[in-house]
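In what follows, chain A forms one complex with chain B and a second complex with chain C.
Now for the complex of A and B:
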């Protein structure tokens, strides 16, 4: 059940009514309903792997309690390492086993040695990358005393399986999420209205922008060898927009749905294309993952390498971003993607600009700010080609094509590229970014746009968005991050 | 506060709900080929002696008018074997006179399912009008979400304002492709052959199972199954992937070997069909359909009892 499907709509309407009207405001009942609803949601996607989710929750629940109780430091560390390794190893097994086997075979094949080993039939459990990070952060936070162990198993299991976020995040930390499950949730009118606005905006991004970009980029990336450089550049641009609107659209819907249930979920995107350098980009892109890795990987590594000064930070950055890349999937393209982003930090670190505060742009960017924004966008676009490619050689061929394939084709002959449809899409993308620019002061542009105007004008605008969703609904595409 | 929220949400959504429900009702009231075929089978299944199933190759390529027995063309665009089977089963208790089932054995018959190709949006037509098939989601039961809004608006405009009926099939279920000389057969053939080349072993396995089920059902009911590869242009058949085509023929021949009620006729590159018989590189026009239909009619009457 995708969040933008009719099936989910029916499910959530029934859930919402039960949650606010059927539980009498009792937290215990609401949390039980959250847990049951989350498991039902997950089971519809992937019932076979539901048992793994439950097992993972149970193991980490008991570990958290034991870690909290244990005063023996050695035993504590063993338990923490067990919890962390359990998470990492399950992730590695399900996600990377076949990748390692294939890479092993390819490495020997390079020396013309054929190995008689085959990949295993391993199904990747849905959402494992996301819920595993939730549980690992919980174990580490309990160890550091940042959160008391959660003794109520329903609350803990509901935190791990929280249905709006389980498939593609955001990755909330237990210390910000669980306390919300432990206190009474009163229906908040403004919060719920904001939730609806964020869902609408997320739907618009996903259905109108992302899915329509995907219709074109799927073909361009498959047919790249026969296309001129300007179309390859177009493909890279559209894919960058697609990736952003697909993922942030899902996050908006997840956050909006959580708001309708009276729960605040961590923000995942903060207008990452309105930034002036790559460090700033990562502070505003997939923020829940970046903050997770900064806290549990980058910071400990930086401390470990502090004797090497700036080179220690560079090394920590590169390792951090290689993990960011690898987290996305089992392909060398993701590792390369991460490595390139780590390398982007090198000049910033050497010039002491990594953590430099960038002044907020009040109205419109000046020449230098615009140049920085465009340059940052191009750097991101370049790595997104690597992210999208099927293999490293595909990525290099595509990028080389941008530089070398200077022939002319009659675009009218390209079946999947209608000039009218493309023009409309580009106008939609332009209007979309203008609306995001206008609304960048808040979490969602719809919290800002027309807020001082009459309700009828606001509703008219929302109706326009809804009509566009129906009108421009493209070929249905799976959420990109659901596959991670 | 909850009541205020529900109240304003209801008021906001009311116009949308009215439009959506209204559009759904209006779209369902428009006549269409699926409704026509389903209603014909509801009324006449018990009289049909020769049943044509399959996709567009059969839909355009065989005209029941030229059969001496009571024949009906229940084929439709991209209708895959699973839907052929579902339609057959739906009228299980009504095939009192059915003697022959004609199925396509086209290059892509075994490698395609309606749900896996670009025409997947047609699934809702089977669910709504034929009441067969399996939905992947709730939206498969609705007209409104089955097409883009502009497509639906055009359909409504054409029928209610321009009085254009979208029904294209004749009373016998056949759809005519009028004769028109086509100079692009060679070029289109190459393109379409590439489009029809699909590597999906899982789909082949499933379709083989479905084909076997159809044949076994027919055998139990003493019905003969005729597998037909309709004629195509050189530009098409010369550009087919050899292993996919060999695999398809092998499956057909295996069915003929395993079941004595099954026959296979391969007209893929039959030279008695010329460019004048083809509407495009892989579909027959009205003249080609007549030629093929007469030939099949004479063949089925020479088959042993």
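Now for the complex of A and C:
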């Protein structure tokens, strides 16, 4: 049941009516409904793994209470470590066991020793990377006193399983999410209108932009050996746009749906291509993951390595980004992707520019700002080839192809590329980024665009978006981040 | 050493490391109040403070500070 499917629409309409009109505004009933709805949503995807989700919630719920009660520092640390290790090990087991086994076999095969070990049949529980990060942050925050242990189990379980965000985030921290479940929620008209606008924008991003890019990039990445460098560059460009619109489109829908339920979910993307350097990019891309890692990995590591001055920060950055990469899945491509991003930070750290506040661009960027934006985009595009590739050798061949495959093909001879369709898509992408630029002051461009114009004009624009979603729908693609 | 004197010395360290003579710290100052104070310079500030007072903070202690006042508390606890 994807968020952009008809099945979800029926589920959500029924849920929405029950939530606001069937509960009489009682918080407890609303939270029970949130939990039941989240488990139903999860069970439709993957009922077997629901038990793991419940078990993880229960373990962390009791651990949180126990950590809150324990005054003996040593015992407390044992409990904290148990919670953190439980999360990490369950991620490692479900995501990486077979990766370790095959890497081990490959390493021995390199020395011409063949090992008779087989990979295991392990299914990847849906959303495990997202809900595990939620529970780990909760345990660490209880330990640091940033949140009181949650004693209402329904609220805690609903936080871990909250259905709009369970599959692909955003990764909310309990300290901002749970207090919202404890407060009375009343239907807020303007918040709901904003939610609907954000869902519409998210749907447009996913269905019109991302899925149509995917139709082309899937072919270009498979057929790369026969393509000239300019088409490989096109593939890298379109995939970068696709990854952004797919994932941020999902986040917009999740945030919009939560708004319809009166809940504010943390922002996940803040126009990440309108940035001046890679550090600036990461402050605006997948922000809930970045802020998680900054708080629980990068900061403690940089403090630990503080005697090594900037080199300590560089080491902390590289470790941090290798974890960011590996978090995405069990493939060396993700590790390499993270490592490269870590390396992008080296010049910024050495020149003291990692976290320099960057002045806002008022109307249009000047020459230097534009140059920085384009250069950053190219760096991101280059690493996204590694992110998209099936293997490291695929990534290298693709990138080498960009540099070496200087021949010309007649695009009309390539059966999966239609020049007209491609031109329409490029125009849509151009208009899309212009709209994003115009609306970049707010979380969603639709909060800004045409807001001071007549209602008719505004609605005409919304209808254009809706019609495009129906007419220009690309081949349906699973959300990229749902596999992580 | 008086608490106010610790604050004064920390203020000098901030001026020196952040290369800004206009810094005027109070107990409630945070990174939001000082332009040059970011996560990178924060680490340099911590190291400079440790060297100056010849003390060593615990990682958890550093992460628990919410403002300059809490940092001064940690320092005064250690030098007494």
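Miscellaneous remarks
The rule we apply is simple: the second predicted complex is superposed on the first by the 484 of 484 C-alpha atoms of A that agree within 3 Å, B and C clash if a C-alpha of one lies under 4 Å from a C-alpha of the other, contacts with A are read in each partner's own complex, and residues count from 1 in each chain.
Going forward, a contact is a pair of C-beta atoms (placed from the backbone, for glycine too) under 8 Å apart; a residue touches a chain by one contact, two chains touch by 3 or more.
As the structure is a prediction and not an experimental result, all values here were calculated from the model.
In the overlay built on the shared chain, the residue A:6 is in contact with chain B alone; chain C does not reach it.
With both structures placed on the common chain, the touch criterion links A:418 to neither chain B nor chain C.
When the two complexes are overlaid on their common chain A, residue A:349 makes contact with chain C while staying clear of chain B.
Applying the stated contact rule after C-alpha superposition, one finds that A:357 touches chain C and leaves chain B untouched.
Of the two partner chains placed around the shared chain by superposition, neither chain B nor chain C is touched by A:102.
Applying the stated contact rule after C-alpha superposition, one finds that A:307 touches chain C and leaves chain B untouched. Chain A residues in contact with chain B (one complex) as well as with chain C (other complex) do not exist. Of all the residues in chain C, the ones that touch chain A in their complex are 35, 38-41, 43-44, 46-47, 59-60, 62-64. On the chain A side of its complex with chain B, the touching residues are 1, 5-7, 10, 20-21, 187-189, 192-193, 196, 459, 462-463, 466-467, 470-473. The touching residues of chain A, when paired with chain C in their complex, are 144, 294, 298-300, 302-304, 306-307, 309-310, 312-313, 349, 352, 354-357. Across the complex, chain B meets chain A through its residues 1-2, 4-5, 9, 12, 15-16, 137-139, 142, 145, 148-150.
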